[in-house]
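Structure provided below as structure tokens; questions to follow.
Each chain gets a letter, A, B, C and D, in the order it is written, and its residues are counted from 1.
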Amino acid sequence: MRDNITKQIAVVGASGYSGEELVRLLLSHPFVELAAVTSRQYAGKTVAEVFPKFSHISRAKSLRFSDPKPELLAKKSEVVFLALPHGVAADFAVPLLELGCRVIDLSADFRLKSAAAYKEFYAHEHPAPALLSQSVYGLPEIYRDEIKKASLIASPGCYPTSILLPSIPLLRNKLVNSSGIIANSLSGVSGAGRKAEAEYLFVECNESVRPYGVPRHRHLSEIEQELAFAAGTGVTIQFTPHLIPVSRGILTTLYLAPSDHFRDVNDYSGLSEKIAACFQKTYGNEPFVRLLEGNGLPDTKNVTGTNVIEIAWRLDPRTGRLVVMSAEDNLVKGASGQAVQCMNLMCGWPETAGL
Amino acid sequence: MRDNITKQIAVVGASGYSGEELVRLLLSHPFVELAAVTSRQYAGKTVAEVFPKFSHISRAKSLRFSDPKPELLAKKSEVVFLALPHGVAADFAVPLLELGCRVIDLSADFRLKSAAAYKEFYAHEHPAPALLSQSVYGLPEIYRDEIKKASLIASPGCYPTSILLPSIPLLRNKLVNSSGIIANSLSGVSGAGRKAEAEYLFVECNESVRPYGVPRHRHLSEIEQELAFAAGTGVTIQFTPHLIPVSRGILTTLYLAPSDHFRDVNDYSGLSEKIAACFQKTYGNEPFVRLLEGNGLPDTKNVTGTNVIEIAWRLDPRTGRLVVMSAEDNLVKGASGQAVQCMNLMCGWPETAGL
Amino acid sequence: MRDNITKQIAVVGASGYSGEELVRLLLSHPFVELAAVTSRQYAGKTVAEVFPKFSHISRAKSLRFSDPKPELLAKKSEVVFLALPHGVAADFAVPLLELGCRVIDLSADFRLKSAAAYKEFYAHEHPAPALLSQSVYGLPEIYRDEIKKASLIASPGCYPTSILLPSIPLLRNKLVNSSGIIANSLSGVSGAGRKAEAEYLFVECNESVRPYGVPRHRHLSEIEQELAFAAGTGVTIQFTPHLIPVSRGILTTLYLAPSDHFRDVNDYSGLSEKIAACFQKTYGNEPFVRLLEGNGLPDTKNVTGTNVIEIAWRLDPRTGRLVVMSAEDNLVKGASGQAVQCMNLMCGWPETAGL
Amino acid sequence: MRDNITKQIAVVGASGYSGEELVRLLLSHPFVELAAVTSRQYAGKTVAEVFPKFSHISRAKSLRFSDPKPELLAKKSEVVFLALPHGVAADFAVPLLELGCRVIDLSADFRLKSAAAYKEFYAHEHPAPALLSQSVYGLPEIYRDEIKKASLIASPGCYPTSILLPSIPLLRNKLVNSSGIIANSLSGVSGAGRKAEAEYLFVECNESVRPYGVPRHRHLSEIEQELAFAAGTGVTIQFTPHLIPVSRGILTTLYLAPSDHFRDVNDYSGLSEKIAACFQKTYGNEPFVRLLEGNGLPDTKNVTGTNVIEIAWRLDPRTGRLVVMSAEDNLVKGASGQAVQCMNLMCGWPETAGL
């Protein structure tokens, strides 16, 4: 298909799980021609050879991995996805932007507005601090208008998406306190990437569940930045990630306190309706946010392979606390699907195209 | 083996997962002769026929399931384990106690001191309220002396064990606040029992993680009762159980606030050492509590099949909050192993015998 | 979308795994409007309520399950899928055909040409023997032309598809003996359906692998019927199904002997090329058959969620035997995807539409 | 415990899965004092530090990994287990034997009687061919008397054990043909060892089943050697290993033809009884062989963690073929448990001690 709305798109670093998921989504996207995929490791091989699961798609049989060269990529593609480690992504973003490409970066390189915070959490100088002000955090439900016009998207991390979408509306509407927030998250093993490390072997993960990165995970930096924007004040949260034996999926359970207003008057009457109305107003028409009502609770198996995030909440009359739960596919809404959603917005396509 | 310390032991309701685990432990216990196992469903079959995995053990080939009759059980056995649903267990406990047996009940029937609380959480009148005052909560690390002399043990639930052991020492020593406690727990599917319900089918649990019973799980009643005893004041906690795709294991992450004393003076110096000392003093010599030091974090796969509970903690300087994590096998330390530990204490055997 | 090629389609018995997969495929099919789904259990509920995973699709929110009534179905739909147990399916097929519908039956009711064989393997009289001669076995790669014109399709079982597609070309071309064939198959647990039986609980299937139905599984009847058609002579095979802890997927390993011609002259030279050529000629242009070349071997994870069957083969110089291996998703190519492929052929749509 | 029957035992190469399983078994063995464990990677660390799951065992807290030095090992230990890669094991076996130790080698180095066959299958010269004639193949049910007196045991591979125990009695008693044997095996991922390779990552193994090493796996060499000893003639078999997503367990399905005697007279009457009698006579009193009778079929979950192998068989009246199925724990009966069983025989202890 080559019509006047089809665009040429490239993926740099397509050998990891996020890159593979981007390839999956872009191969079947109605308005995309996948023009280039790069991987030093696989250069010269076809996509079908590297990922047999795509080999019934004709484009996968003809398209070969190449070495990543910004000049060639820019000639071929209007939009370039970067699925690279942090620190490396910036090296490609800078020349690609200069060559006129629009860039959607799935690494952490452009998510933080502060180069100092970047250095604090990622332990090296930011490689391109001048770009931080122009990058847009790629959470479409929050930054839709900015994304449409952006030339550089910082696609959010998987944990941040699962935490930010449920909590930002509550903070913006002052329904919950900005202090004392706790996020308890459970992630499938693909979140660790396709790294050949012993701790991610089948035998080490099967019949195992374990916390890790306690108490300071790198994703805290972007989570707290975005929560602060929503709250209008600095936010520090408690965040505990856990590894569970599923391939895909993140389940986050948030513990929030109704805002002091409600506490002070000890009047929770109407709070439940206010929360429901807040979520409904913010997300009621969002194609990828599923607000669970009635007795429903999130389940990762209901979102796996889709760009949907499920959200449910319970106001506990015994404790006065609000428990909000979300489920998403860490590789789709938590990474590549959300990046494609951003691309759709940037290109003026229907936001759900190919998703 | 029949010597002067060997005792005859029976298990009533041995067809569920806890019952099967009791059978496993008792068949290889050095001082036990498994005298009777009952199950209406399997009456007449040998243990080896019902549980092929035990059929290399000679006693499993000779012992047949029988119908549960208190008079016969009392003739044969000094100690009787009840692995029955709540409400039913009391029907056996009453006559067995009258007939002189010592009873270790794995159901919820005798865990609560208040018949009113029982009715509130279990939705029916307590079947034998007169026994509530004499039953001992079977948490050996907390009630060792009482267990030794008890004739009726209420063996704790799997979630409560994972929450109580890490938090009781901290509450007793006033290191943490008794209010605002959050327990986020992840349980393997065996916790649901061997019930043929669609929601526990392999396909429904595999590649799935989901919260359930939010915000009011029945185990809250015994958790809050025991926390209140430790704190010396009423305690209400936030508890969220989740189902994860492992057969066995519970991982609990607790969020606690250092007690107001530390908050008021804003002086956390020394708190970390006080916590370490508190755990060390309480559990340093406990054979089944593994205090993780250094960088270790709990992992259910390190405790599966054993009676060990792993505990780790982190004081988060960013939030001032204490995160305590525990891992146990829900069927061993969370059920049958702990019950055997109680039996060992009651019979004057080494506490670790057969475990 | 309602244009001149869109058709109204119904699914009867949409609450099991095959039915759910049909709903998934039909909801996103470009030429289908899902007109009715039936389930006595779920009558009155929307598709989105029963299957939350589809609730981001608008049609799932408006379409409600109904009781299955042939007259109403026939008014609404041109093609009706039956995802019902054997014996029951015929009760719907008969009136639907009389009312002018085309029927695609996923049960075993119309797969066998012989009512006697049906009775032998399914233990009851065939409910509609007059229809056996007119039904077409829904294996598109083998019966494409017949399917296009058929009014009644008997969609093949999951095991048969995994065995027949690799072996029919070899038998038709007399490259292998029709006697002594062995099929060793491994199936994911969804193959057992959404039945609340203890043996399919997570805990019973996880960390377990086991043969079952040895030596006579019902699917043997249709496998041997179709192999006999291919061989031009009666065929009796050895078939051993096994249950493995995956949700989806069948991996079949076939053991075949090169035909006596090659054995007699003890000349295998050229046999390998003949096999490769046979597969290439038969399936080289098939969109859903992936012939693995070089070092590739089938892996269920490469076909899960797709309508593709992977096939690889090795001629063993040590034993003179041919080993052929296949992988498919038991719910897609092994059931619902293949049924949709048949629908596409029947309706004159591209064979790959919606797949 | 140090009495006159306790012996000092060492494990060389204790960091892999087989080594870890040896450590597990030896730490709780009633007559063993684990005197030394070696690992270059972990030298200096305690067993408890490397394997937290053993840290409730006091010996695990005091015993430190050391560098492997034959002189020191020989001073400390009477029996030394080698859990090393093939090719490397011989380098330790030679000096240890010279220093008077008895050696139980879990590698392939001493399993083959022919140095030429070793070179053919392992692709390098045998490192110590002079020892091949003195080593005993450590299959206690077959070579019990030889094992008792042996100074060098070649402990069998996991696949060979699952194939040899079911088939040797049938071949020895001429009940089945020695030609045309097919072994279809399914193995858990621990069979691949603790190697940090991408193909064994959780995400690559979960929801996956795949054959590998077709058609020539290294274990064929020892399988065929031992089958030939049993049959009294050369044997060539077809063997297909598959990887399935369980941590532990091997399920083998064997396809055998009743011997020509039965085929010639076309009289299978009594064959079933002869097979049952053959298995009963050979294994009826074996503590670690469970002959399944009636409707039972093997299931890996019934043997996991034990030294038991389950065996069942079906004579198929439709095909005239015999299907024999076995299940074992690849790390116990398929490796370390069987090695401990050999040690028990060598040391004159009860064969089941510690197992």
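By definition in this document, contacts are C-beta pairs under 8 Å (C-beta built on N, C-alpha and C of every residue); 3 or more make two chains touch, one makes a residue touch a chain.
Keep in mind that what you see is a predicted model, and the values were worked out from it rather than measured.
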Where are there more C-beta contacts: A-B or A-C?
-> A-B
Starting from the Cα centroid of subunit C, hunt down the chain whose centroid lies farthest away.
-> B
Rounded to the nearest whole Å, what is the centre-to-centre distance of subunit A and subunit B, using the mean of the C-alpha atoms as each centre?
-> 39
Find the geometric centre of each of subunit A and subunit D from their Cα atoms only, then give the gap between the two centres in Å, rounded to an integer.
-> 47
Could you grab the centroid distance between subunit A and subunit C? Build each centroid from C-alpha atoms only and quote it in angstrom.
-> 37
Contacts with 2+ other chains: residues of subunit A | 204, 206-207, 245-247, 299, 301
Residues on subunit D engaged by subunit C in the complex (per definition of touch) = 182, 184, 186, 204, 206-212, 214-216, 236-238, 240, 242, 244-249, 251, 253, 255, 297-301, 304, 314, 316, 318-319, 321, 323, 325, 327
Residues of subunit A touching subunit C in their complex?
-> 52-53, 55-56, 206-207, 287-288, 290, 292, 296, 299, 301-303, 305-306, 308, 310
For subunit D, which residues count as touching subunit A in their complex?
-> 17, 188-190, 194-198, 200-207, 245-247
